[in-house]
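Below, chain A partners chain B and then partners chain C, in two separate complexes.
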Partner chain A sequence: MNKLGKNLADIGYMDTLAAGDSPLHRLDPRAKLLTTFLFIVSVVSFNKYEVSALVPFCLYPVFLVAAGKLPAGYLVKKILLVSPFAVLVGVFNPALDRQILFQLGPLGISGGWVSFLSILARFALTVSAALALLSITGINSVCEALLRCGVPKPFVVQLLFLNRYIFALTGEAERMSRARSLRTFRPAAVSFRVFIQLIGNLLLRTMDRAERVYRAMLCRGFDGHIRVVRFSKIGRREIAFTLGWSVFFSVFRFVNIPLMLGQAVTGLLK
Partner chain B sequence: MHMADALISPAVGGTMWVVSGGLIAYSAKKVREEADDRKIPLMGVLGAFIFAAQMINFTIPATGSSGHLGGGMILAILLGPYSAFLVMASVLTVQALFFADGGLLALGCNIFNLGFFTCFVAYPLIYKKIIGRGLDKKRLIIAATIAGVIGLELGAFGVALETVSSGISELPFKTFVLLMIPIHLAIGLVEGLVTSGVVSFVITARPEIVTAAGEKTPPGVGVKKTALGIAAAAVLAGAALSWFASAHPDGLEWAMLKTSGREELESSGRLHGLLASLQEKTAFLPDYGFRKAAPAGEVKSEPAAGEKAAWPAIDAGASVSGLVGGLLTLLLAALIGLGLKRRQTAA
Partner chain C sequence: MSHHIVEADKIHYSYPDGTAALAGVSFRIPHGESVALVGENGAGKSTLLQHFTGCLLPSSGSLSIGGVSVEKQNLPAVRRAVGMVFQNPDDQLFMPTVFEDVAFGLLNLGVPEAELGGKVMGALETVGAAQLKGRPPYRLSQGEKRAVSIAGVLALSPDILVMDEPTSNLDPLSRRRLIGLLKTFKHTRIIATHDLDFALELCERALVIHKGLITADGPTREIFGDERLLKSSSLEKPSGMRKCPVCGGKQ
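Our next item is the complex of A and B:
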């Protein structure tokens, strides 16, 4: 399987996860969306030197992964895959901010290293929460939630279409690039000329497909409006989920639990 | 180019969400006004096309590196700015959700950087101007390349501006821009060449597709006028935001300071903490270091560098206990997770 095929399998796997069944899967997507959003906002709202207070927040993604029966290793791999950007931008911090912030024995730790660590922690938290959210919700439910939250319908319809045809077109692209690599001596390198022809042909096929899809929709009574099925509702569980986690987030945000814990432990040791 | 949540502040992320959300609503309204049924499946499938095309890499001659398609300009040429913006926004949303490529809070920034500049600035103000009425290949290549470069450069500028005003990265604005501009000059050139290559391929194979798209100028207000209006709104929002960001590095903390009388507690804590209870309180609420926006900042209850002499006792202890406590909390969270998992499998 080439890289394209792997990407495709990846999206498919996320959908498989979302099709699972757990109390978390059954929650109204709006509650999950809102809670995750609150989570991200609380995590990124810390000052840039904060590390220890960020740690308790990992409870939320850990909870989602555990209670949603998600494969933790797979999600960690995905987080590592997308980490380069955050690492690249953050890695300058240690070089630029050399002021010693605190002393650990003989080792002086500069503000840059602390803020770099903080960026990494934020990154891991926000990305894992977002990935876990999709894995327990699924793109269709996310779209439904968006629609109910007042997102314009043409945009939501666009998202649904996109999700539906990613598979068809990525499959098409995969077949084309496999056909090319089977007929060449240098399978890995696609020259610019060939690339343009590949993409151009893919585009032509895409437009033909759009025409066919449109006709098929007309045959099935399409009148210019897409109807999205809605079946969820906000109940006691949803309110408990969102409110409960909001309380947790505000406690984590304003009380540095790890520091208290650490002080208690080091105090005992003394 | 996709910004991550870890590098932006809530104020920046929120502002860009509002701006991009407004743009989406506006574009959706425009698309609805066009009332072209045929466009609905076309937009959806073209979005998937961009996705699929991005997964094919090509080798850039003489460099050994590889590039891929960004796609904004092709979409704008084929669909017009409003639909293209919606498609771009949806592609970025799916990338954020499925691949965690760009964060959820940063989504507003990403849609703005990669969608707005290409669809509402580079396309109407540069591509359209150069193409004019006639559509010959040479002009197409020039137009697509220049528009591609400018669109991407503006986007890169946006990334730098948003990152620096968030204040998480230490990179100074100038350095960041100087880093981003040459990289995106190269990427933009490649993007422009791909765009013009693909469009002229389509023109050769099926001229009617591109000419039909070119003729369809959206009804109502002209593209230029609306683009200018939106640009003005963005500049205003940006100005408001940068004021907000620079005056209060952290919106939430600022709000906290305003709503709670935390300053008092801090200042009495600074009176050498004669009362043991008060000292305990400062330890329990260690993060409330609002009293200074000093660049040295404070980690946990760590006193700022200047105060070290006055507070020799706490210094080493606080950082160690922060470390110990952090590790313990991590362990606890992992245990909770394991416990939950076991219960799940047992159930």
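Our next item is the complex of A and C:
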């Protein structure tokens, strides 16, 4: 299996995880979606220099991973894979914001470094929660929950097809890459001309494949409505889950408990 | 829709690039008949099959399924009657798990959730794939994928089963299982294939398609016995009908 094939299997692994069984898997997707949404809103609503108040929010993704029996290493790898985007967003902050916020011994820490760290922390928290949500719910159920929560259908259908066509695209790319490597006898990089031809071919082949997948869906009665197998309903467990975490997020959003603890400890030491 | 007779009258179809794939195809298939559609690569078999579900519509001529014309406004009714198994099971399997994939068509048909589990498991048991229900389809072997894709169609209880190259990529044992399974399907079967032994075993009638035209239509054994006809369509006599190369007797 080449690198693309491994990546394809890696993406599909999330569907395998979503098919697992745990109390968290059995919760109605709407409860998990709403709670994760509240979590993300809480995390991104802090001011740009906030770091310590974000620490308690680690509990939510950690809880999802532990209760959903998810492989933490796999999720960490996925977060690291997309982390360059977050780094790119914040990497210029230290150069742009040089105002010293506090002293760490002889070292003056500027606002730019703190905001950069805050961006990274928020990125890690939100992405890990979103990945954990997908891994315990599955993209189809998440899409269905979005639809039932009132998100416009065109948006949800686009999301669903985007996910499915990623498989079509990477599958075709894997086959083309294998065919090329079998007829490449020197470990040379792909020339620009060949690369352009590969991309062009890949798009045409993917469109063909996507057309066939769509036709197969039509043959089984697909009419633009997403219908997934549901075994859950909003019940006491769902209400307790969403309400419990909402209270937790609200408390830690408005009360900086880590700061209070820190002040108490430093006060005691003094 | 009654009797589920498939009737084609001078169907023509050209692809957008101008390639003429069907050039006046006519035939009539009564309900319950098992028909093999054979011909060389590019003869128009898959194009014709896609007309049965309305994935492609004739450029001219007409096709009707059980008296209902295959036209845009009738497609839901046509697709309820015709179940199509695609050549590549990967095109057909797109849900995260086998169970959800088989349930996909049933949910679109509006089957109540209380009946869903039973119907899905019934279809999976029919194809011997009940143990795969929680597996992601992309991790299955070709034989398993084929079985699941057939289960997805059988679950819908179609009146006409249309299959495109069902034995491609199957090992001999899976192929044998598929033959056994298809023998249990009592409704109309239309099977496009290059595997003439498979066709000989399952179909009492064969249509030979060549350059978008039906060049022969008759009992399978009779058609497959005509070597000149088969050669003109780049086909070979099925091994089950060939004489023993050593003694010249029946194999």
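Convention: the second predicted complex is superposed on the first by the 202 of 270 C-alpha atoms of A that agree within 3 Å, B and C clash if a C-alpha of one lies under 4 Å from a C-alpha of the other, contacts with A are read in each partner's own complex, and residues count from 1 in each chain.
Heads up, the rule we're going with is that a residue touches a chain if its C-beta (ideal position, glycine included) is under 8 Å from a C-beta of that chain, and two chains touch if they have at least 3 such contacts.
Every value quoted in this text rests on a predicted model; they were computed, and no experiment measured them.
When the two structures are aligned on the shared chain, A:N140 is found in touch with chain C, with no touch to chain B.
In the superposition on chain A, the chain among chain B and chain C reaching more residues of chain A is B.
In the superposition on chain A, A:G12 contacts chain C only, with no contact to chain B. Touch criterion met: A:C219 reaches chain C, while chain B stays clear of it. In the superposed model, A:F63 makes contact with chain B only, not with chain C. In the superposition on chain A, A:R209 makes contact with both chain B and chain C.
When the shared chain is aligned, chain C comes close enough to touch A:R227, but chain B does not. Looking at the shared chain after the overlay, A:R164 reaches both chain B and chain C.
Within chain A, the residues touching chain B in one complex and chain C in the other are 139, 164, 209, 213, 217, 222. Within the complex formed with chain A, the residues of chain B that make contact are 2-10, 13-14, 24-25, 27-29, 31-32, 35, 37-38, 40-49, 51-53, 55-61, 69, 74, 86-87, 89-91, 93-94, 96-101, 103-105, 163, 167-172, 193-194, 197-198, 201-202, 205-206, 209, 249-253, 256, 283-287, 289, 295-302, 305, 315-326, 328-330, 333-334, 336-341, 344-345. Touching chain B in their complex are the following residues of chain A: 3-4, 7, 10-11, 14, 22, 36-37, 40-53, 55-56, 58-59, 62-63, 65-67, 69, 78-79, 81-82, 85-86, 89-90, 92-93, 96-97, 99-104, 109, 111-112, 114-115, 118-120, 122-123, 126-127, 130-131, 134, 139, 142, 151-155, 157-166, 168-170, 172-173, 177, 189-192, 194-200, 202-204, 206-207, 209-211, 213-214, 217, 222, 224, 226, 253-263, 265-266. Partner chain A is touched in their complex by these residues of chain C: 50, 53, 55, 75-76, 79-80, 82-84, 86, 88, 90-92, 94-97, 99-100, 103-105, 107-109, 113, 116, 134-136, 138-139, 152-153, 156. The residues of chain A lying in touch with chain C in their complex are 8-9, 12, 15-16, 18-19, 138-140, 164, 167, 171, 209, 212-213, 215-223, 225, 227-230.
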